[in-house]
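Consider the two complexes below, in which chain A is the common component and chain B and chain C are the respective partners.
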Partner chain A sequence: MRTRGIGRRSILGGTAGLLAAPWVARAQAKTLRIGMQSIFSGPIALVGTSSRAGVQMEVERINSAGGLLGRQIEIVYRDSKGQPQEAARVARELVNSAGCELLLDAEASSGAFAVQEVVRDLGVACIHCNSETSSLTADPKIRVPTAFRVARQGVHDAIAGSAYLAEFANANKITKWATCSPDYAYGRDTTAQYLQFFKKFKSDIEVVTEAWPKLGQPDLTEVITKLIQAKPQALFTLLYAGDLSAFVNQGNVYALFSQMKVACPNFDYPVLTTIKNLPAGIQAATRYIETFPDTAANKAWGESYRKKYNEFPTNWSWENSLAVQFMEAAVKKANSTDGKAVAAALVGMKVNSPFGVDGTITMRDDHTTIGYAIGWGQTVPQPPYITSVKPADWGKILELETEWKKQQHYI
Partner chain B sequence: MDLDALGHCLATAACVVTQTTSGLIVGMLLFLVAAGLTLIFGVLKVVNFAHGTFYMLGGYVAFTTLAVTSSYTLAVLAAAAAMALFGVLFERLLIARVYGSNVLMQLLICYAVVLIFDDVVKIVWGPDFHAMGMPPAFQVPPLFIAGGVVPPFYAVLIGIAAVIALALGLGLAMTRLGKTVRAAAINAPMVGVLGINTTLLFAVVFAVGGALAGLAGALAAPVRSLSPGMGFSILIESFIVTVIGGMGSIAGALVAALVVGLLRGFGTIGFPNFTDGMIYAAMILILVFRPQGLFGRRTA
Partner chain C sequence: MKSRPALRDTLIAVVALAVILVIPAFHRSPAFEDYIIRLSAMALFATSLNLLVGSTGMVSFGHGMFYGLGAYSFALTMQLTDLSLPVAAILAVLLTVVAAFLVGAVCVRLGSDYFAFVTLAMQMLFFSVIISWQSLTGGDQGLRGGIPRREIFGFDLSSQLHLYQFSAIVAVLGLLALRHVSASPFGATLRMIRDNETRAAFLGVVLWRARLIAFVIAGGFAGLGGVLAALFVSGAYPELADWPNSGQAIFAVMLGGIESFLGPLVGAMILLALNDVVTRTTEYYGLVLGIVILAFALGLRRGVLDYLRRWWAQGRTGRAR
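Take a look at the complex of A and B:
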């Protein structure tokens, strides 16, 4: 009995070994699988499709130059449909079943926080490419040793935007503001954060009215008329994508843009190119435009993206492109795809990048990028859509970010 | 809650004019969608959960027609005609097979159509949102009436919707077809027994419902964003309208749509954090105190 039992186990084990060993060996020798998960379906599928486009451009470049560590890269895509539980499930599946050695998490914030905990458990190297929620990396309790963010960070944008708008308000003697932002966590929290920094730069501002339309609310007419009634000198809005486009179209009908100054950090190419009668003179931040930073490298990247995909890149496109660049550099430096080794290589790493305000972007030791382009300018109805872009002062951003982190007890 | 602001608004003509027109425009577009929904329910006892899809497709058809022909009038007519045809096909090919069967079957078929056409829109027009832009004829500054702001485009929309409401009401009351439809709403088998072709009648009802929703989609397209799934939000509000107005009542749909529009217009000033809540609260009040709706008939 005993002998037979052992015999059966050895046969089973041996068979499994025979089956598994060549597969593992082949995988090691041939392709390097990188998992990429995002939202590829539903109303915000653009997050996934334009992120994927950014990744593909870089992967094609790396593969045609001989691959990474001599291995061709294969990206394995998974759709989380924007659901956090699905995001966590596919992250696990990509590593455990699909054989991915590295992860690109192109989820929105809700999914990124779910992926973060899976990464903590698995110890794989992961780059979050789209989540802008500061606490993902700023809060030491949430931070994970092998997870990094290559994306904008909410607090950076809030400081830069507030500083710019305070200067704009001073120059135009504006004190009475209105706000209009989507009625969920992003809209409410981020508006509060902008106002907090805004009041720091300019103490005499007054919010005369606030409007909180629902996400995807088809008709914003009553919101627009309410804003006009309140007669503010300027409006700050965090509406984005289809809601922002609807707001501009419906605002035009009421000549809203001639009755108050308007400021919004969310004018990206999909919005700028879709609106038929984009009013001139809206104060707008550059999520991504080809003309800021105004360098040959940035222009070339934007043009090659447009040629390849026949559409303008989004903010997610550059973030995901940059994430692959960081991953490539870190794997080369570590000469390995091991989570700990790649993480050690990433900390403090500086890469040359068209998206850096000085041509470089740095991965800080708290696992988030700094030095990326943040600028504010004014809209014009035709390309380049945003002109007279002023770069943000990164010295000021870092100083106030540290202060904010202390307030939050992150440091 | 900001009752001071509401009081201040109600005391100034400018605010009353502006908020009333903004309520009217929201209400009238809602009425066009809800009218078809309530008509179909009244005659066929089918709760058409796919009605938002008619609205969405109407918007997209208008978007493409405008791009091709540069005529907004043609775009609106094309959207209404296309959705009338779509309504007939939807009724003949799908809904006609489940008349009188389980409500769940009807619901599943409608939901399938919603999902399929959301994906069709994604394949044909792409997953991203589109904006039609204002037709050049309406790219004019707003009118100022008693200090209030009234955009000419919205004045025209309100006018068109009002004419349609009147035509629908008179059509149902005075014409032979209208009388047949009303008779069918009370007892369809009896109408059939009397020798009237109810198959044709049901298709006509779906054609009218589809055309109205398509028209609403086309009229809203210059100012609202077009995106896959956009039919859903308008569907929910349309259901609220039909519940408040009374399932099956066109007059009820008109009054309820205006109530919802005005609740939005003035609610956003007085109760900025509870505007949507107020609309649902109104629906709950109706369900508790007058479950058949404002103009609905109490079923035996």
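Take a look at the complex of A and C:
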């Protein structure tokens, strides 16, 4: 028995250490701590890592120029593993024990809704940088006084995409469509939203078949053959990331792309660069590309990102970079990190940005950004991957968005 | 002492509760308070599971279903009606009890392997309902918009301190009630079934009835844990009802000790603390957790509290010699 004494003690000590560790007193420092939470592990860790890269670039710029309010910024990262209850816990921990004065929430949508409720309780200033679900800020019941979104918003993309595709369909005399989207809330809701606006722009469209592959489904044969058999003139798909690459790669085997026109708003650099033979002529929206907006500032940003991280930026990268810019400008304007003061500064704020369709992006009074680049063009197999990009008409987007909000009883 | 175990248990509970409630008067630590709130939910969840696993020998892989059901029914009642918080909580627990009765009626007569499979299947079915019934549950996005936290008896549950006090009281009372169940003659019957069900049946115990009652009680307390979890996140998410969450409870039971009543509580404490510490320093949480569980499974061969108790007992007999 004696020989096992050390084992016992170390186990007891270890346990005691573990129990004591969560509430180690916070270190008070002059540095300005900003909490950033996202998904840094698991199959969609790219959300977190490319968001973090976008944030780091901006923070390094601010720190080398002397910091924010004269204080160096330190970002405290936390992994929520994509679980909403972890997202809520981590948000509370960042503010309550890690001493963060501001929050960057780079969670996917379900996590963002959990963070939103924590922010409602704590009153800290928070920017959601990845969630595109419109209701997060559009629904006044869900909106929170100190929480903002610096990201695309689903309804904006749906209007812009539908308008472009209606024009495309008219030019090519296309009326018979098929849809193929992931089988969960995002896929089903967003497809319905696109179709709703699509019918508004072009009343004679007909959906001949719908396919709903599971998220991460490795073999899409049945989906592809179903689509081909229905003989639509065009296909609209909301597949994204790995599922989209798999669909294009497997669709190539069945020559799907020569049998119908294809449109998809979810082509991002990681997808564009991993597809083996990217077919030319897919109608694609730009989530982020260096050539749209076609300005020196955008090109420079994309190039410096690539040089620094040796990979292409994602849509999440620009959203998070921009979130830091908004935070920086608001804290400067408020001369404080207080939740209410920063929120007051953010409402109506306009910043210069390479990602703005006219070089600026505005934070509207319903806590979401407008004026960011949305464009549609055609794919080509080599860089720049998407060419002849047409910018969306923000006037039309805002007009129809207001109509949609009224329909949803948000206003 | 031996003659009045109920009094002793109550005393321990009162002292523990008093200590927890007094701490914030001396030192406010939001992280510690959050930890206790989450621990309250997890402790009820894991301890109720141990009534099945440890006391009755029924390894349920679907216990998360009742945790999730408690969370969803509570959150939905609060969002959709103007009922007061305690009424909503009681309704949620009652609903969980009914659900546990229905699920239990199907499962408890099955042999242990099939029992594990079918409970898991029931949970997956429930999880699919949550995902598909979007208009009610919000689907995979979870229930949004927060839980309106109406004041009860002077408790304002949007205040962290009040939620801390409320959770601690609910958890300690819940654990005390579970302790009484396991220390009662009924608890002894369950252990008899676990050890030798043929003999128990010959002694006149109706096996399925005892198992069903245990299943329903366990489900109800898991539902109560779910109510606390919903209060903490101010919402309900499908992950609460998913099978990895059931796995968490099983981990807690295995880590803390299957034979000791407080084992699952200790397991939950370790698991939550481990999660908090490890996610702060590395993105390889799963790897660390796996190594720790392997160390417990292969090294200690039993949970912490079982190990300590055995060691203590051995020490005493050693000294007596």
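Just so it is clear, the second predicted complex is superposed on the first by the 382 of 411 C-alpha atoms of A that agree within 3 Å, B and C clash if a C-alpha of one lies under 4 Å from a C-alpha of the other, contacts with A are read in each partner's own complex, and residues count from 1 in each chain.
The definition used in the following text is that a contact is a pair of C-beta atoms (placed from the backbone, for glycine too) under 8 Å apart; a residue touches a chain by one contact, two chains touch by 3 or more.
These numbers come from a predicted model, not from an experiment.
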Touched partner set for A:Asn96, first chain B, second chain C, both or neither: second
Which superposed partner A:Lys276 touches (first chain B, second chain C, both, neither): first
First (chain B), second (chain C), both or neither touched by A:Tyr254: first
Which superposed partner A:Gln408 touches (first chain B, second chain C, both, neither): neither
Which superposed partner A:Asn170 touches (first chain B, second chain C, both, neither): neither
Partner chain(s) touched by A:Ser109 [first = chain B, second = chain C, both, neither]: second
Which superposed partner A:Val223 touches (first chain B, second chain C, both, neither): first
Partner chain in contact with A:Pro84 - chain B first, chain C second, else both or neither: second
Doubly contacted chain A residues - partners chain C and chain B: 45
Touching residues on chain A, where the partner in the complex is chain C: 1, 8, 11, 15, 18-19, 21-23, 40-41, 45, 78-79, 81, 83-86, 88-90, 92-93, 96-97, 109-110, 113-114, 116-118, 120-121, 133, 135, 139, 141-142, 184-185, 188
Residue numbers on chain B that touch chain A, as the complex places them: 5, 9, 14-15, 18-19, 21-23, 25-26, 29, 122, 127-134, 138-139, 141-142, 149, 151, 153-154, 220, 222-225, 227-230, 233-234, 264-265, 267-269, 272-273, 275-276
Contacting residues of chain A [partner chain B, same complex]: 42-43, 45-46, 49, 209-212, 214, 216-219, 221-226, 228-229, 241-243, 245-246, 249-250, 252-255, 270, 274-277
Chain C residues within the chain A interface of the complex: 29-32, 34-35, 38, 131, 134, 138-142, 144-146, 158, 160, 229, 232-235, 237, 239-240, 269-270, 273-274, 276-277, 279-280, 283-286, 300, 304, 311, 314, 318
